[in-house]
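Consider the two complexes below, in which chain A is the common component and chain B and chain C are the respective partners.
Now for the complex of A and B:
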């Protein structure tokens, strides 16, 4: 009962209160939907351009193509192009030259690099995994080859692999990035 | 039925009421705010300070005091070498091996002068200017396999790096850029699209002047004659014959340098680039020209 009483009081006083505050009659439903509040202008909403020509300093317009060459040098390449063939590659990078009879295909990344990565997982990144991506075709043959190579390079290691045939991904437990990269590079991938 | 009608009335009110905002929020009707805090029996009580003890008497111990314990702020010895660590200039590394890889995969054109714009435009190197990154630190990793002949401008380089570049007939300059210029250099396309005038480069801060005027460091403010002397000295120290860049067919490219006030090659500070109409606007006002000159 107390609640009902308070509510009733609040309603009668509240309606009066709103009417005086807003200067509008609620009960006649004449309040506009958009309530007009003056907009505070920020520095960004002030106009940048002035109609007064005296507000500007003078300038000259140059259409010199020699100068425009310097501007074009500042713009980045819109796409990553295929690298032009060169007589030598001192960085050790090679363009892809895959063997003709391979049952699988390893695609290069957009940056023309081999898709072999080291992934850190677990608490404080202590679990190391090697991930080989973009494998098309017979993924199981590549897995066997990688196992054979790692058996030679790291004879004491127990290599554990996980093959995701649908995604074309091989995940190995441990850091074998350099060994696998060297092997794929030697095969021409 | 009465409650039902009340419910409808409330809903109809809600429909017409404006949204609740700071403008129309008001205290509950008949609410009177107490303007004074009484003392003693007139509502004073403990004044919010609780009962008994130091807190009630408001005789607090000094900040950090732990009642006889060795206080936390004195417990560990200070580490003065970290003073100002968060304010120091940072130069994220880029190795010579990475630079050679960028050249081999055509991400950087060695036929043109290389500066921060070209390195950042590859998308393979990023700096965070607001995180106090001031540019590239070229490191000597892969120096033995570095074979490119380049004219490169970096912000920091060590002696073996300078030797590795000059051995191949290239040239290197270390140059300072203030953060405003770095914003323009690291995101050149975005800057040009903004239509702002090209800023002028500020002089280095006091603690960097010594490095950037040092010919051994190939500073951009150093005397060019002293730099050519130091090139010879370094060649003898590392035991290679210095290729003569005067007789090089790319002599013009290799000796291209920016003005100490300039940030882009071939474009002067104060110019406005219009990428849409492909025109350059140059100021003619003498006062503006004077400002951008020095």
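Now for the complex of A and C:
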């Protein structure tokens, strides 16, 4: 249909030129400019497939708030909500349950995950660093604990750490994400 | 109903949209709840619901003060969100924000002549061969005295860049935390003052040991008439709406004065951006065409 319309426009323009060439009055708008609808909104100007309403999928407009709840569940949420409390989660995720007497605090990320990351740097990502973020309070105690844990898990490794007290970040040389995550989880962080 | 009436008395001029989150008591119930000593029969703000409550043991509170008398009256106490007002200030992030604010608006207009723009030099100064001299094609080549400049500055060069949104947010949070820790952050119920005399503001700042530079922040961009006239003739006292709050101005002024409504809006905005779902999209590279 759109093609036909374009052709129609082209035809009418061509007819105009033809008339001009013949010395006819251009301002005499006797040319039937039927197809002067913009071709941009193609779907609106297209004809219906069928005039019979029964040929289309039926629908009804509902303004029931009970039904609207199901629609709302499908809409994207603007804000990351707290997960619904359950005794156990299939992914193994657990909500934070911090120990009362710890001299430090490890904040969860906005996505409720532990802030332990592996960072790849250097040529072709060969340099591995483990980064623990969002540590508040006595960061040095946590560093000692992490070192002790890694000494147990990896007795042959020489664990090297870098502590940024202002930013609340501990960086370890090597990939220790799993061990540190497990340790923090076991402590309730 | 009682609460809304009480709050209307507390903040008469503007902004009723967020007031329901402040809970207040009158003198009749003060003995049970309120740790604040009272002045007369005025209602007191005692607590505030915080979105995204924290469990890290940090808590910050601030007095709610008044501006309608030179002497300070404590109208109550509000909770401040620890993630905004109690973080360890990152001086590096504050500096990044300041540098960004100083630079992104700059356009370098320095320009020097290139070899094409220096007058003359179109003719080969001497023939290529036979003279025993070095080969030259133009007397305005960069190696010539009075020649053009190679790779010189070309105008206009914009210094525009965007800090990542989370660096900007952390800058705001760091600065607000630093201001609170240094006792330079004050919460007031409203910006209404009884007179438009600039001396009143100066006297008030002197009495309360504010300033000398004071930044008043309200949630609307229409300030009450008296304070607008009074602050207009004092160069170091300025009024700003919430959407204009920035790290540079907070550092430039010694004291930051927030209204309750402004505090509410600042917290709401910062918490929304730190907890929004599409944060990964926010981290995408900034394109000027996408504004």
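Keep this in mind: the second predicted complex is superposed on the first by the 115 of 189 C-alpha atoms of A that agree within 3 Å, B and C clash if a C-alpha of one lies under 4 Å from a C-alpha of the other, contacts with A are read in each partner's own complex, and residues count from 1 in each chain.
What we mean here is this: a residue touches a chain if its C-beta (ideal position, glycine included) is under 8 Å from a C-beta of that chain, and two chains touch if they have at least 3 such contacts.
For clarity, every value in this text was computed on a predicted model and none was experimentally measured.
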Partner chain(s) touched by A:53 [first = chain B, second = chain C, both, neither]: neither
Touching partner for A:168 - first (chain B), second (chain C), both, neither: second
Which superposed partner A:61 touches (first chain B, second chain C, both, neither): first
Contacts of A:73 with chain B and chain C, given as first, second, both or neither: first
First, second, both or neither for A:155, with chain B first and chain C second: neither
Chain A residues touched by each partner, larger count belonging to chain B or chain C: B
First, second, both or neither for A:99, with chain B first and chain C second: neither
Partner chain in contact with A:123 - chain B first, chain C second, else both or neither: neither
Contacts of A:87 with chain B and chain C, given as first, second, both or neither: neither
Common ground on chain A, meaning residues reached by chain C in one complex and by chain B in the other: 76-77, 80
In the complex with chain A, residue positions of chain B that touch it: 12-13, 15-19, 21, 23-24, 26, 28-30, 97, 100-101, 103-107, 112, 117-118, 121-124, 142, 145-148, 188-189, 192, 264-267, 272-273, 275, 278-285, 287-288
Contact set on chain C toward chain A in their complex: 55-58, 88, 90-91, 272, 274-277, 279
Chain C-facing residues of chain A, complex: 76-80, 96, 98, 105, 107, 110, 136, 166-168
Residue ranges of chain A in contact with chain B within the complex: 9-10, 13-15, 17-18, 21-22, 26, 29, 31, 35, 37, 57-64, 67-71, 73-77, 80-81, 83-84, 86, 88-93, 111-112
